[in-house]
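Take a look at the structures listed below.
First chain A sits with chain B, and in the next complex the same chain sits with chain C.
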Partner chain A sequence: MNSYFVKRTGRAILTIWLVMTLTFGMIRLIPGGPIEMLRARLIRQGVDPSRIDAIVQTYKQDPTPVYVEYYEYVTSLLSGNMGQSFYYQEPVSALIVDALPWTVFVMVTATILLFVIAILLGALMAYHEGTAFDTVASSASILLSSIPFYVLAIGFVVVLSYQFGLFPARYRVGPGVEPGFTVQFLSNAIYHAALPIASVVLTQAGLQALAMRGNSIQVLGEDFVRVARLRGLSDRRIAVRYVGRNAILPMYTGFLTLIGFNIGGSVILEQVFTYPGIGYYMYQALINRDYALMMGVFLIITTTLVVSVYIADLTYGLIDPRVQSGGQSEAY
Partner chain B sequence: MVKVKHTESDSTTSNEFEFGTTGSDVEVTTSERLRDIYEEFVYKPGLVAWDDRRTRIGSIILFAYVLIGTVGVWLYEAPATNQDPRSLQPFEQFFVAPLGTTGSGEDVLAMAIHATPAMLIMVLAGGVFATGFAVLIGTVAGYKGGATDRLLTTFSDIAMSIPGLPLIMVVAIILSPENPAVIGVIITINYWAGLARSIRSQVLAIREHSYVEASRTMGTGTTRIIVKDIIPNIMPYVLVNFANAARYVIFAAVGLYYLGVLPTSVSNWGIQLNNAYKQAGALSGGGTFYQLLVPMAFIMFIALAFILLAQGMDRVFNPRVRTRMAGESKSESDDDTDTAAPTEVMN
Partner chain C sequence: MTQSHDQHTEHIAVDDPIIEVRDASVTYDEGTSYVLDGVSLDLGRGEILGVVGESGSGKSMLASALLDAVPDPGLLSGTIEYHPDSGAATDILELDTEDLRALRWEEISMVFQGAMSSFNPTMSLRKHFVETLEAHDEDVEAGMDRAHELLEDLYLEPDRVLSSYPHELSGGMQQRALIALSLVLEPEVLVMDEPTAALDLLMQRSILLLLDDLKEKYDLTMLFITHDLPLVAALADRMAIMYAFRLIEIGQTEEIINHAAHPYTRALLNSTPNLDAPLEEMRPIEGQSPAPINMPDGCAYHPRCPLAEDQCRTEVPDFHIVAGDHGSACFNWRESYDEIELVHLDDGERAIPEGDRQ
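Right, the complex of A and B next:
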């Protein structure tokens, strides 16, 4: 177990480093560098051509070989410096520290919420298997899952925000709301996050609920549930301790990977809601060829993914003692 | 229900059943083997699939999309700027543009229809690449074990750890692909990793079976064991995941077109969504809502088809359901009653 822990930690760090190197090389293959994008932006703004050249000249640096750039990036990264954003003219770490909590707030809340709903709904469907309720709930789950979250998000903005003005269409909080632990700020933040969260929860809960339903039905037919009934245990105890626990178990890894997946999906969601989280900055960085910012966002999302899979692997053995972590099999 | 279908198709396929029973692969000709494969993987599952309501509806919807993508494109005029009067509402001039036109006079329905063929190619390419690559990596890693396993597992773990959508966006901008098949492969560039991981863990159990051990003792080569003994076992799982991958390709492709990351010179539902959404924001009215609804419906129904297929196939390949094929048992709802019985006690 202990050597497994060391190996697994080593592999997590190795993965983050490899992804970082790969990303570093890849984003330098993107056609058109930051300077060209700046020039294009200035031309669109109708700036005088002679002034454009002067502005661009101030940003021009001597071209450095990629490996030197890479070495400089890694050494400064180890001291916590993620570089300067070319587009926003701010340190990347400051932008990320500002944006990350909002994305995590929206996506983690949404993922937890959708799993709670899925587990309750799936269990109910399993207990009432074959009834009209089961049929209606299963059909609704399938129908909702066929909508991509961003399509529902667009529908929400157009209908609920533009048409009826019930919810804000963009931004994290309303104008003039000061951040802080005030009721006004918190309620305003939740009000703005309601539609993004709802569009993720509604479109993703269905498939998870169906998975929970299948697991529960399978567990309900197991011998140990029958024995528990013969022992005269209360229905409540059977439902929670015997069926619930065993049905939820297979969904645990899925939960952690879905959080990571959704944080990647924030690129589209935050674009629809003009919600400045890391997904929004990722898109801006890509469009404006802001290498440092793009690297920073990539690193943060990768680290989140690696850490969630890492936690899932390490804790699964604790939750389900039957699984022995890290057993090696004979080679053929 | 099943019986009727059975006899109906018996006349055309009766000889396949005879050949099917010869089973052993010692001295069969290629055509016989092809027929075996057809019966095992197309005919039998198809028959059971048709019996399940979900797969039946899913197949019908998918077939409709194939029709739209082949015949529909040929019958319905392609969209062009100013082909019709501008900003027609749906049903306003039904025979000019049934579902209305955009602000630049393009037929909304035509745009949606002419986006279909590319989407179907994307789905096929992405699905085949994702599942094929996952099967290759997963079976080899799971069966070989040892250093090969460690290497391949690390490889798929790394692929899994790269954030999917941002990675696809960067690759899409670098290559700026026009070919739908290439786009499909790019979208599933790291989707296969999760699937490979779960296939590997299934193969770890299969490799311990006695018949695999027997093959190995007889000195059968690795490739042959994987193809003959292991892949048939995971095939149902792979097919279900093909449908899931297909849905992922649709969602991601439309999302990328929506963001404008992929070349916007073609027709796509995502581009339609983006244009309509921008206009809806500018006009802040519901007057252009139909321009959103048409592509939304096209996306939803094809995704619905794949979900229904995936959900239904889960059952199709369940061995207990498949015994119905042989007509051995009449207890078709066996599994239902089995699990329903304790339910009553629970209430």
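Right, the complex of A and C next:
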């Protein structure tokens, strides 16, 4: 148990360090840069070339050796300093602290919701295997799963927001809504998050429902379910403790890793809904060549994924008695 | 022909039956083929009846039928009467859901062949016992005391076993724990469907000895289903032989082993491997047993039977009384004595060594 714990922790830290280093290296390989971006913008604005040179000169720094830069990068990261966003003129950490809770709110809610729906729907399909309901629900699940979430998201924006005006098409909350634990703020936040959440839930629930259906059908055929019926247990108890529990267990790891993946997937989703979470900032950083912000968000997204896999590995042994955190249960 | 002097009967009755099965049939396609075909059988109070047959001869179906638990979508017909110690007999197949739920496990209990797959893998053994007691509105504390005693009778450490998960126990321990679980509500009848099939020989032997003790202590009636003829011969009072979904011979164990009157039973006895017998004496039965969708007319054994004649090909034989309560579903049972010699008896040896009999 202990050596397993140490091993998993070590591997998680190593992965994050590798991501940090790769980010550092890769971003330096991107052609152009904030200075080029600034120069291009000033030229477009028709500023006098000699003045442009002077402005650019104020941002220019003496070239420092790469290893010094790397050392400074790592030490400041460890102290929580991710540098200054060139485009927003704010510390990256401040931007992330502001944006991350919103992304987590949308994606964690969506992932929990889609699993709850998938588990209930999948179990129902399994219990009614072969009926018309099963056929219709399975086909609908496959159909919805084959639609990319951003296609559905764009459809939602066009139809529900612009055509009918039922839902807002942008921002976390409406203008003038004060943050705080008020009914107005919370309901407004949910109202704005409804479409992003719906597009994730609708496109991802189907696949999980089919997985749950398959697991449940397999468990329903097990001897221990038949023995439980003969022992006189109620159908409800058999459905929850026997079928449900044994069918859901294999999906637990998938659930945690999907949260991680979805937070990464927020880059496109938040762009579609102009929802200022970390994914939205990632996109802004990309088009504005804002290296510091790009690195910050990239690090947060990968760290979230690594942490969710790490949690799945450490906790699986707690929910499945057959696994004493022995190592066979590793998520990745 | 001597047949005209034979006494025939539909079934071999016993004096004090606890279960009377009459014409029990199971079909999966509404009557075109049967996986249990008109079985009539008495289970005497307090006896151990061994049911022997090849794989796919319908013996597990018979076991499930006794609890009206034939897997869906099988259709069970006939009557299965249960005679409790006191009170009126009930037809198990007529019971409503609630009464059937009460009868199962409280009166007639069952041990399945795969103990490893009979427990919920994500639940401790104690939970299995407690929820069974709760489901039948029993006093949990008194019931758990009983469970402790049962586990001790089966040479298990009750506290250790009860706090374990199924995967933490060996196959033999799981099988014994399953037997304890099946007896926790103090049933009258225990149906065992190949309870030792997945175990090694030593464990099989020791579980059989334990079953004999349990039967005495708890005054049980047992129906023991197996394909292992020598194994059950050491335990059973009476034996019933099944072939192709029908019961073909039934009688006292001694009678069956020494004076089997059905050609199939005699062939089965001769085909049983015996370490003491030389290899040349092994007599496998030629051919294959029929599938339910392709049952021959008349006696199902006739395509493989050396004694088959016209009557066997057209008519299904009922039980011919061989002696006392020994019945054989064969028209030519007298000829079978001469035609099919029991090889082990020729050597002056019995198919079952004397020492193994209880």
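By definition in this document, the second predicted complex is superposed on the first by the 314 of 332 C-alpha atoms of A that agree within 3 Å, B and C clash if a C-alpha of one lies under 4 Å from a C-alpha of the other, contacts with A are read in each partner's own complex, and residues count from 1 in each chain.
Methods note: a contact is a pair of C-beta atoms (placed from the backbone, for glycine too) under 8 Å apart; a residue touches a chain by one contact, two chains touch by 3 or more.
Nothing here was measured: the structure is a model prediction, and the numbers come from that model.
*Asks:* Please indicate which partner A:119 is in contact with in the superposed arrangement: first for chain B, second for chain C, both, or neither.
*Replies:* A:119 contacts neither chain B nor chain C.
*Asks:* Between chain B (first) and chain C (second), which does A:189 come into contact with in this model arrangement: first, second, both, or neither?
*Replies:* Neither chain B nor chain C is touched by A:189.
*Asks:* State whether A:256 touches chain B only (first), chain C only (second), both chains, or neither.
*Replies:* A:256 contacts neither chain B nor chain C.
*Asks:* Considering only the touch criterion stated at the top, classify A:177 as touching first (chain B), second (chain C), both, or neither.
*Replies:* After superposing on A, A:177 lies clear of both chain B and chain C.
*Asks:* Counting only touches as set out at the top, which of chain B and chain C does A:148 meet: first, second, both, neither?
*Replies:* After superposition on chain A, A:148 lies in contact with chain B alone.
*Asks:* By residue count, is chain A touched more by chain B or by chain C?
*Replies:* B
*Asks:* After the superposition on A, what does A:246 contact: first (chain B), second (chain C), both or neither?
*Replies:* The second partner, chain C, only.
*Asks:* Scan A:233 for contacts with chain B and chain C and give back first, second, both or neither.
*Replies:* second
*Asks:* Between chain B (first) and chain C (second), which does A:127 come into contact with in this model arrangement: first, second, both, or neither?
*Replies:* Touch status of A:127: first partner only.
*Asks:* For A:286, decide between first (touching chain B), second (touching chain C), both and neither.
*Replies:* The first partner, chain B, only.
*Asks:* Starting from the residues of chain A touching chain B, keep only those that also touch chain C in the other complex, and list them.
*Replies:* In the superposed arrangement, which is not itself an observed complex, chain A uses residues 226, 229 for both chain B and chain C.
*Asks:* Residues of chain A touching chain C in their complex?
*Replies:* 222-224, 226-234, 237, 241-242, 245-246, 249, 320-322
*Asks:* If we count contacts the way the header does, which residues on chain B are in touch with chain A in the complex?
*Replies:* By the definition above, chain B touches chain A via 54, 143-149, 154, 157-158, 160-166, 169-171, 173-174, 176, 194, 204, 207, 216, 222, 247, 250-251, 254-255, 258-259, 261, 273, 277, 280-281, 284-286, 289, 292, 296, 299-301, 303-304, 307-308, 311, 314, 335-336, 338-340, 342-343, 345-347.
*Asks:* Give the list of chain C residues in touch with chain A in this complex.
*Replies:* Its residues touching chain A are 67, 69, 71, 101-102, 104-105, 110, 112, 114, 117-124, 131-132, 135-136, 165, 167, 181.
*Asks:* Please output the residues of chain A touching chain B within their complex, sorted ascending.
*Replies:* 11, 14-16, 18-19, 22-23, 26-27, 29-31, 126-130, 142-143, 145-148, 150-151, 154-155, 157-159, 162-163, 169, 207, 210, 214, 217-218, 220-221, 225-226, 229, 235, 238-239, 257, 260-261, 263-265, 267-268, 271-272, 282-283, 286, 294, 297-298, 301-302, 305-306, 309, 328-332
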